[in-house]
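After this come two complexes, each holding chain A, first together with chain B and then together with chain C.
Then we have the complex of A and B:
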């Protein structure tokens, strides 16, 4: 049990501290490797156009993973983020249709969409933090509820978004694509949020809920705020999806829920709570995106694509876990 | 008027009464010591004052006004700071963040004011700068710290509340001499400022070094308060023991013949490992050897190491004349060891599985069975369960459907099918009712009479005194004293356990 045994059999202390401080490093390495591989198999994939396409397609998953990160910080989970995304997507499509496609109407609809996301998040927070139901089961149930609402609002996919909306999202301003501005704005917002007291409190609750309570932290309120924040970011993801697909689809987010969880884990955030970073989740989401495009570029036959994609994600997870474990041991 | 007063405070967890009657007065500018054996209700009393446990009855008064807290946050605002015995730290947060966690300074209403956090934390960390040791810094995560350093962080966190009432629930259990001296220096200064301090420790010398008054607790009751200057070591121990201390050692355990003659079954020499060092003892055929002392002085660690459940041990273990070194429980079981822990959830029950499966795993292992034949297993399991008078609906019902005591009987039954040579009991009666305990110890004595060698660690002194032929009292990972024959009294047991470490 002496210090010497600890040092002898394990990674150098500096490496350990490095990984502790930047838990997303393995994800960054995997991301760079994937970018290189993509460039190798399809040189065009590193072009300006392709990167722009990648961002506008995966911005939604990035935001959804960020949303998921905030609840996972507190050792909670939200299996309804995809359903919230769908509900906000159809919600704003219908609102924009009613309000007409004017810029004012579009902005109003976007604001309403964020409020819908916030409301869904608060519902989740009440169910999980206040009523103390198991997060996995409870948010699975609310996901069915939100999907049901989305199907009521728009039973079949297809209603188009107003031209001004998707033109803006796909457009270029002052020489830069709109999504680049969005990405920069999001980066700034995430940077600021990471410095708020709420994040430290969420992480402390995730570390040890009993200890946080005994310290005097308002644990229920903190978890509730985590879910509310998650709902807002799921709504922001919906705004991006709407810009990317230019239409309403009541089931669009369904598949993205577990992708968001995978992205968070890939990014080095622990499902058991207490450690992690949104930066990692952003990288994780990009990894998932790049893996699907790589599978496509190497010319995998379509019937094998899912299998190869699954294997690749498993591999990425293993690399991340092994590096993390080495750093800990 | 007292700063803090408790009147008849009560708390029960189901059938366990944690605090029967808490009465005490805490004055301004005093260090008030609480002392009592393990489980006497000290922590429960403190947690009630700190708002993290809601009392069933009684009254808490601050400055003469009755208060009722809805949670720890409430108590903090009312001016109470507490050091929790089990600590209340966030492992992945930094030292600085932990120190300030209760009231994180913010700028702009929402952002953590890091400069302020660092400055506040530095103020309290500097108090211990000399004694904190290597690896301690404000931006280290708590996870990376040693046990004593974590305890220092919890102390700093408590001090940072700047509360007029400070409660320290065993703050020194992992600290070394220099750290304790440094901490006591700070306590003396706080006392001079007029703060009121509750201090809990099992170390007698510390109590006399820092205390002004002492309240002794026994079986969930505050017995009496004395000025430290008017009392002494022996008087305090006599209070803790109570009338029960005057009882002669129970007749039943007077199995002195066994400790005299018998063939040696287990011989341990120079046994060291994490949490204990240089342990040596012998157990003869049919003997029950007791491990005593305060919680966590190495008793469980020794038993778990003998069973091969923890790595990193050295020394010699001889079983039936064969030298052995169990690297894992699987090997230890084949050699003839059995281990029963009071922590069923971690060490015993196979949760959610039928009773039959929970009775037979050892039988499987020892006989290297490959196939499960229910009728055969049932014939093996039934007599074992019968012997313990286990109450259950059917062998196929899940172990979780049983009460704690009956779960424990199922776990014990698994060792009765193929008898081991040595039975290691690690506080086996945790959470078991009185009747079951009586049954259990009757059985244990029966097993001993049939020639099994038994090592019993119990956190309840009565169990040791009533059942063990010899008691080895542990202190700081070593055997401090051996009690045999008529020396086995509660008084001697406490005396040895509370001797300065």
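Then we have the complex of A and C:
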């Protein structure tokens, strides 16, 4: 499609083509700058140990942002991802407790957790795609529903995860931390998913729903699948949260929903659908993580940290949207 | 879209048209819920109780007024920062008046200025930097939350002046509290603004077709900024009233209004796609939402069950309102 832009000059044109092919580039630049700044203010923050800590803490937000990306591809939105995360978190905690915390039981609980996420995603898909309710308000309503379920499963935070679970998540195998293996596995899965027909279909539905329908695409089913995929990744995020916090909390994901949306936008994916990349969302989630550690490393007084962080994220959102637009216009 | 739908339908009877009116739907649901509440717990629909519900609905409805304007203005208009503005305004009001009646006027002025300022920032970002409203106001919400942390460290939470508390909770005129009169006045103001002024017509114009409005000479950017400023001002007014209602301001008191204010607008028959709708329906939507919450607190189930029923009921109620257009349509 970039071949059709004939009139543009050579320098802006190549820049434009570049960003068109790699919408996550602005995010990558911001990410590198943040890494450099982190290293400048706290050399230890680039150490192996610190990177490991960063990944094990932010793996959940990364996965949640990936989940959000798939629905935003189709110009939808899921404000219930945090609630799904909470529900899966408490669900697997209680299952593991019932099954006795043996390795087999833990695996079974994880499998069940992913099914819970899938089920929640399908509920969202039915509500938004099949019943055609407006995504923002409908997924807000399902988030209340899922939070209620999570509170029913575990009314107050605190039940611990079995030792084998968090030891594994925080452990080291063959010289590498477990989270590194998880990160690599996820990267491979994301790479494979990006090559499936479903992703192309989601993007074409997001680009022009009516056109996609008239081309013969089963639009409703595609959007439903997008939400289902989103639910599964929200469940995977919950597995990571559970490994990181080693306990159940029925409200743990509530705060993460809006951050997942911010991460997707930071990554260069358009809320209007049809354009974007999962890679960008991963960078976006890392940017949010690095901003909060940078705010800490530069010695911001604790009560000012949230404000500085909020301003920095707002600024990064603006820069990302502006650069992305310059490339498109 | 709806107008096309209605035109293509065979001539419908007066009753069928009436049933399709969102305001009629909302009023019928309100009556049904009041009846249900009275059946479940006698005294629910007593005058005194209804008055209390109306006070809470007024708080929600005032926030929803600004939200309503931004949504009608289109281009995916939405204001997620209202929750933060309500909280900030309650704190500013509490500290400026410091429990003294003489401080009410300066407090109101300070709050309105604060709300207008943050609304202006939102509007500026949305129009001149062309950041999508969801992203801009989401980023602003993060900034506001950070600002609230800073403020709360430095200064006490502040107290409401007795006159303000009386205005909100005590009988003011014809045995109705002042806030009800204020809400009614806002209702008249909004109806006049939307249906009888050039400004109002222009809101619908930019909401249904921004480009056409621009070509017709509507100052689109100025209009959109004013809508966000008004949204900030209405949220600030709600913050002052909330201070009067609760006596003192406390942590993130406004957050509970963020997404519900959007739902009230949707229940009032204003679609999130913009260009259509009005405030009278939104007022009914706010009352409906508050009655629903109130019924759930009267029935004897625990918090988790209450949330589940609330979420499910919201979904069912949404089915009565603007469902998206069918692909075949």
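Everything below uses one rule, namely that the second predicted complex is superposed on the first by the 317 of 329 C-alpha atoms of A that agree within 3 Å, B and C clash if a C-alpha of one lies under 4 Å from a C-alpha of the other, contacts with A are read in each partner's own complex, and residues count from 1 in each chain.
Here is the rule we use: a residue touches a chain if its C-beta (ideal position, glycine included) is under 8 Å from a C-beta of that chain, and two chains touch if they have at least 3 such contacts.
As the structure is a computational prediction, the values presented were derived from the model and not from experiment.
Undergrad: Label the relationship between chain B and chain C on chain A in the superposed model as either fit or clash.
TA: clash
Undergrad: On the A-aligned overlay, A:159 touches which partner chain: chain B = first, chain C = second, or both, or neither?
TA: Neither partner.
Undergrad: More residues of chain A are touched by which chain, chain B or chain C?
TA: After superposing on chain A, more of chain A is contacted by C.
Undergrad: Classify the contacts of A:274 with the two partner chains as first (chain B alone), second (chain C alone), both, or neither.
TA: first
Undergrad: Per the contact definition in the header, classify A:213: touching chain B only (first), chain C only (second), both, or neither.
TA: Both partners.
Undergrad: Using the touch definition from the top, say if A:97 reaches chain B (first), chain C (second), both or neither.
TA: In the superposed model, A:97 contacts neither chain B nor chain C.
Undergrad: Considering only touches as defined above, state whether A:204 meets chain B (first), chain C (second), both or neither.
TA: first
Undergrad: Under the stated touch criterion, which partner chain does A:168 make contact with: chain B (first), chain C (second), both, or neither?
TA: neither
Undergrad: Out of 24-32, 168-176, 204-212 or 312-320, where does chain C collide with chain B after the chain A superposition?
TA: Answer for the clashing stretch of chain C: 204-212.
Undergrad: Check chain A for residues that touch chain B in one structure and chain C in the other, and list them.
TA: Residues 210, 213, which sit in both footprints.
Undergrad: Touching chain A in the complex: which residues of chain C?
TA: 76, 78, 80, 125, 129-132, 134-136, 138-147, 149-150, 153-154, 259, 262-263, 266, 271-272, 302-312, 314-315, 318-319, 322-327
Undergrad: Could you list, by residue number, the parts of chain B that touch chain A in their complex?
TA: Those in contact with chain A are residues 50, 52, 71-73, 75-76, 82, 84, 87-93, 97, 101-102, 104, 106, 110-112, 141, 144, 157, 274, 312.
Undergrad: Inside the complex, what are the residues of chain A that reach chain C?
TA: So the residues of chain A touching chain C come out as 77, 79, 127, 131-134, 136-138, 140-152, 155, 209-210, 213, 219-220, 258, 261-262, 265, 271-272, 303-311, 313-314, 317-318, 321-322, 325.
Undergrad: Using the touch definition up top, name the residues of chain A that touch chain B in the complex.
TA: Counting only chain A, the residues touching chain B are 1, 20, 192, 195-198, 200-201, 203-204, 207-208, 210-218, 274-275.
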